[in-house]
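Next up: some structures, all given as structure tokens.
Below, chain A partners chain B and then partners chain C, in two separate complexes.
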Partner chain A sequence: MAVITYRQALHDTLREEMLADENVFLIGEEIGVFEGSYKITAGLLDEFGEKRVRDTPIAEEGFVGAAVGAAMLGLRPVVELMTINFSLLALDQIVNHAAKIYGMFGGQSNAPMVLRTPGGGGQQLGATHSQNIELYYAFVPGLKVVAPSTPADAKALLKASMADNDPVLFLENLALYNTKGEVPDEVAPAEIGKAGVVRPGSDITIIGYSRMANVATQVADQLQQDEGISAEVVDLRSLRPLDRETVVESVRKTGCAVIAEDDWLTYGVGAEIAASISDGAFDYLDAPVRRVAAAEVPLPYAKPLERAALPSAESLTTAVHQTLEAVGHRR
Partner chain B sequence: MAETATRSKPTSSGSKSRRGGTRSSGNRAQQTQERAALGSESPEQLRDYFKQMSLIRRFEERAAQGYTQAKVGGYCHLNLGEEATVVGLMSSLHKSDYLFTNYREHGYAIAKGIDPNRVMAELYGRTTGTSKGLGGSMHMFDTDVGLLGGYGIVGGQVPLATGAALAIDYRGGDQVVMCQMGDGTTNIGAFHESMNIAALWKLPVVFVVINNHLGMGTTVDMASAESELYKRAVAYRMHGERVDGNDVLAVNEASGRLVEHARKTGEPAMLEAVSYRMKGHSVVDPAKYRSSEDAQAARAADPVAAFRDQLLSAGVLDEDGASEIEQTVQADVDAAVAFADDSPHPDPSTLFDYTYATPVANDSRRLPADPVF
Partner chain C sequence: MTEIHMPRLSDTMEEGVISAWRKQVGEQINRGDVVADIETDKAVMELEAYDDGVLEKILIGEGETVPIGTPIGLLGDGSGSAAESGPSESPGSAQQSSGEKSGSEPQGDGQSPAPARQDPAPAGQGSAADSGDASQDGPRNRPKASPLARAVAREKGVDLSTVSGTGPGGRIIRVDIEAAAERSGTDQPSTAPTASTRDASTGAPAAVEDPDLEEIPLSNIRKVTAKRLTESKQQAPHFYLTSAVDVTDLVSFRADLNERLQAAGGPKVSVNDLVVKACATALRANPSVNVSFRDEKLFQHKRVHLGVAVALDSGLVVPVIPDADRKSVSEIATEGREKAERARDGKLKPDEMTGSTFSVSNLGMFGIEEFSAVINPPEAAILAVGATREEVQVRDGEFAVRKMLRLTLSADHRAVDGAVGAVFMQQLTGLLEDPIRIIA
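And now, the complex of A and B:
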């Protein structure tokens, strides 16, 4: 067991899988000579050479599509999209092609590839570089979308994604790269499509993914310590497929839920979770399901405005208190 | 091979075509001359080209008929008028070479080697179709003959084909990828990104632009600032050239040269084949936007009739031989229709069989009226 950063966990996993399978290659902007915008691929060009670590022109549609075509012939590309905002340039290749190759041709071909990309705001990068648009991909059958929140999950889910024979969008987050956590020496691939109860509790369920799953755990710990509130935290880990069972099972136990998401509220991931709770735990609810989500604005640059727009431990704590208050009136 | 686009071939049938005189010629010397115009191809090969072109012509006519009978659904884009281009291109590929096409691909599927029965069955949406009935007219696929997809989104196949060439290069294989597209495709970003990548990384892919003068109802001149499309290769230091798409032999020669160069050197190239689309964009399009002169030119350029005349004039084929071929392909198409009609529809219970290649937990198998819980 070692304590390493989320960044290191990603780097180590890429390296291990490249050593294990020569069909694995990395492709993306600035991943080689520059060693990656966020240094996930540092050192890999020197170790594996240009064939396995391929710097591309700024041409997302072109190189993502090329990765799909290479995957159709059995290679296993891992694409780095510098941020999820830039994935929009490749939307046609991801949604209309990667996601359709297996189904549209009756299972004759498939696209075993991973699209690694960070989302996230809070870095004062302004409206076009701070979005959380994983929902666009989680909406599409044929894609798988995973969103690890810890270094250990990052490793286990990246292993699973790289072993999978379908295109997997692997959501990272700018705010997570420097976070640290314990990672076992031997990590087994995670099961895609499964959520996890990362903190057991009995009073309320908080559901999050990626950065907000960590915030949820911090808030739950604080509430336990300060007020004796027992909050259960569900980390979705996978946005497609979505593990509704684990969410609903928790809410049936606690009777109330708050969803913590970095994306926008209207039509967001939380809307689907809330609908699932309504589907599966309607009779168990003691309060309306609450969502803590980003304010619906193009994210401003100025720090006070950016801070006001994004979900935080404070806003989540407020929503938990208000939900438990509503429950108290009911019970 | 030159780095830049240098050659210009005739843009349509007629003036400089290799095509010879009329079939009424009984003059021995003229027949010899006509034969010489057909180059060094064997009589068997020439007759086979004619047979393949005739097969595609009849097949597409029956596909249109199937559409009007509501046996074929969705969109249905035909290769009518492009038979010489299709056969010329496909004859230049090895079976192990890969082909990516757009959605106007029935003829390519047949000429690359798929049984017409399975092509028609795909149009009919049956389990015996090239994509088990899941793809339809625009999405034919067959690994065995190297057809790695017809694609319905304009230009979607161009990055994919480039990536397939990357995989060949990665593994050190000797296959070549051909990427077919229409004239309208040369204006989208994916085309330019892929041309750049293919040239930059020296990938064995031949980009073939079928310039049939029309992207749906928009003429090339309306859509492209440079309407001599092959010249776009210059920007990527790629060889580009134009060929008369109504001349099966010219297409085969140019395509074969570029394909073999790509095989030998790994360098990409671009070929523009100029042809005519005889009918509308798809079966339902009456093409009212076309001028009568243009429509007449398209009919006059009919490559199947012209090649038939050429073979008769050269003595490679006589009228009986031509009729026999035409009857054979008619029977093949009739058989394809019967095969398609007799084939089973996919069972609704198979709806979720092809969403994911690796089975996954919590995969939704919900039908529209099913509750989530």
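And now, the complex of A and C:
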């Protein structure tokens, strides 16, 4: 057991899998000589050589398309898209090719590839470099979308994604790379499509993924410490497939829920979760499901405005308080 | 301060009359107490308090008519502050404004469009008043309650209409149901699973899961019928006396009577009208059947008011013919027909459906030979009238075809003994078999 960063967990997993399977190769912008914009691939060019760590031009559609072809022919590409914002340039390759190949060609070929990419704001990178648009991919049958929030999950889910025969969008987050957590020496691949109750509780369910799962856990710990509130935190881990059962089971226990998401409110991931709760736990709801999400604006560059627009521990705490008030907690 | 509002007591109710205040200004009121009688378009109903407090002011006096939702009285802590501050401008105005807010587009604050309703009310105003009429909100008189509260209420057998909601906007939430169950003692913690422990496979109530089962909302008439007749069957020990009455003469007497009445421009009378009149006469002769047993006390009615059951689509109503013993058969026929007609149109006034001292229920028109009726409290007896049929009887050692009618008296044994009921039935039979005496 070691305490390492999310970044280190990703790096170690890539290296281990490259050592284990010579069909695994990395492809993306600035991942080789520059060692990756966020240094996930540091040292891998030196260790594995240019054939397995491919620097590309700034041409997302081109290198994602190349990866789709490689995957169809038996290789196991791991693509790094510098941020999820740039994935839009490869949208056609991802949505119309990677996601469709297995189904449209009668199962003649899989497209076993991983698209690693970070989302997230809060780094003063401006509106076009700070988005949380994982929903675009979570919407598409034929793709899988995973979103780990801890170093241990990052490792277990990256292993699972690389072993999976479907294309997987692996969502990272700029704010998570430096977070630390315990990672066992031996990590088994996670089951994709399985959410986790990362903090059991009985008063209210807080549901999050990626960065907001971390925020949810912090908020729950704080509420426990300050007010004795027992909040259960569900980390979705996977957006497609979506583990509705775990969410519903938790809400059936607590009777109320708040969803924390870094994307925009309208049509966001939280809307899908809220609908699932309504389907599966209607008779158990004592208050409407609340959502805490980003303000519906292109994210501002100015630091105070950017901070105000993003969901935070404070806004989540407020929503939890309001929901507990609505169910007459401690009355 | 809490306002008491004119409740919505029926689907079609738009306004109501304060028939009577049952509490005086200054009186302590506990949740569930009957505060006033409200006359609706259908009936007089009891208004129960949704909150505890002292009745500080009566805003609407007896006999006055106001639209539903109008404040009719003020509940306070007894200090008189409620009476001073007076009612809010319009019913539910506070909820209105927050409701508008909550329905708007998200304003970019990144939160669900709901917080306005859930903001805790500013100290000293709002929240208690909001909950006052909560159970009258929404369509079909459906109390506003969370799904969990509904599920727990079903589980614990708590009637939502008796619970006051303390959630946002007066919503009934789980804690309200649990408090209500605790008060009424219906909760059985040893066997009833709670929401937090029941398992997913068996937790949901059967009524929700069965696609072949649909709940029909209760009409007020049906609610009242269910409540009162359950009380009757549970509290009044019924016994039954059946007589076979030879109505051969009665039938020809009726034909003769109708012929004469028609010639004189009068109304036709039915066999039932004759039975009603005969009952009234027999009750006058046997006052010990014209009684009520109520609150461990026996009451003698000095007048004879006969209820005549009428079946409607929405349920059973019993129009009353007051002083039936002092009315002629044709008066009874005219009045009975007119009241039954108005009952079908829902236009019968509540006081025309209350105060009967004995009832008659007739299912003869459906060919029912005989049946036993449930006593209509607080009456002590009810007569069930079957169909007139030709039967072979023995008369003077010979077979004879006679028209026979079977009558069954249901009597409350707390008030009427078997022999007393039997004497009444004997006299009634005598009257019907010698019909000239009915109009004597």
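Just so we're on the same page, the second predicted complex is superposed on the first by the 328 of 331 C-alpha atoms of A that agree within 3 Å, B and C clash if a C-alpha of one lies under 4 Å from a C-alpha of the other, contacts with A are read in each partner's own complex, and residues count from 1 in each chain.
Just so it is clear, a contact is a pair of C-beta atoms (placed from the backbone, for glycine too) under 8 Å apart; a residue touches a chain by one contact, two chains touch by 3 or more.
Just so it is clear, the structure is predicted and the values come from calculations on it, not from any experiment.
Asks: Let's test your reading of the overlay: on chain A, do chain B and chain C clash or fit side by side?
Replies: With chain A as the common anchor, chain B and chain C both fit in the superposed model.
Asks: In the superposed arrangement, does A:67 touch chain B (first), chain C (second), both or neither?
Replies: Only chain B; A:67 stays clear of chain C.
Asks: So, does A:304 touch the first partner chain B, the second partner chain C, both, or neither?
Replies: It touches nothing on chain B or chain C.
Asks: Touching A:228 in the superposition: chain B (first), chain C (second), both, neither?
Replies: Neither partner.
Asks: In the overlay of the two complexes, what angle sits at the CA centre of chain A between those of chain B and chain C, given in steps of 10 degrees?
Replies: Between chain B and chain C, as viewed from chain A: 110 degrees.
Asks: Is chain A touched at more residues by chain B or by chain C?
Replies: B
Asks: Quick check on the superposed model: minimum Cα to Cα separation from chain B to chain C, whole Å please.
Replies: 11
Asks: Can you list the residues of chain A that touch chain B in one structure and chain C in the other?
Replies: 248
Asks: Which residues of chain B touch chain A once you look at their complex with the stated criterion?
Replies: 98, 100, 129, 131-135, 139, 141-143, 148-149, 151, 153, 156, 158-168, 170, 189-190, 193-194, 196-197, 200, 353-358, 360-364, 371-373
Asks: Over in the complex, which chain A residues touch chain C? Could you list them?
Replies: 202, 248-249, 252-255, 264-266, 282-297, 309-311, 315, 319, 322-323, 325-328, 331
Asks: Which residues of chain A touch chain B in their complex?
Replies: Residues of chain A touching chain B: 25, 51, 56-57, 59, 61-75, 92-93, 96-97, 101-110, 112, 141-142, 144, 164-166, 191-194, 238, 241-245, 248, 275-276, 279-280.
Asks: In their complex, what parts of chain C are in touch with chain A?
Replies: The contact residues of chain C facing chain A are 106, 108-112, 114-115, 118-120, 146-151, 166-168, 171, 173-176, 195-196, 200, 203-205, 208.
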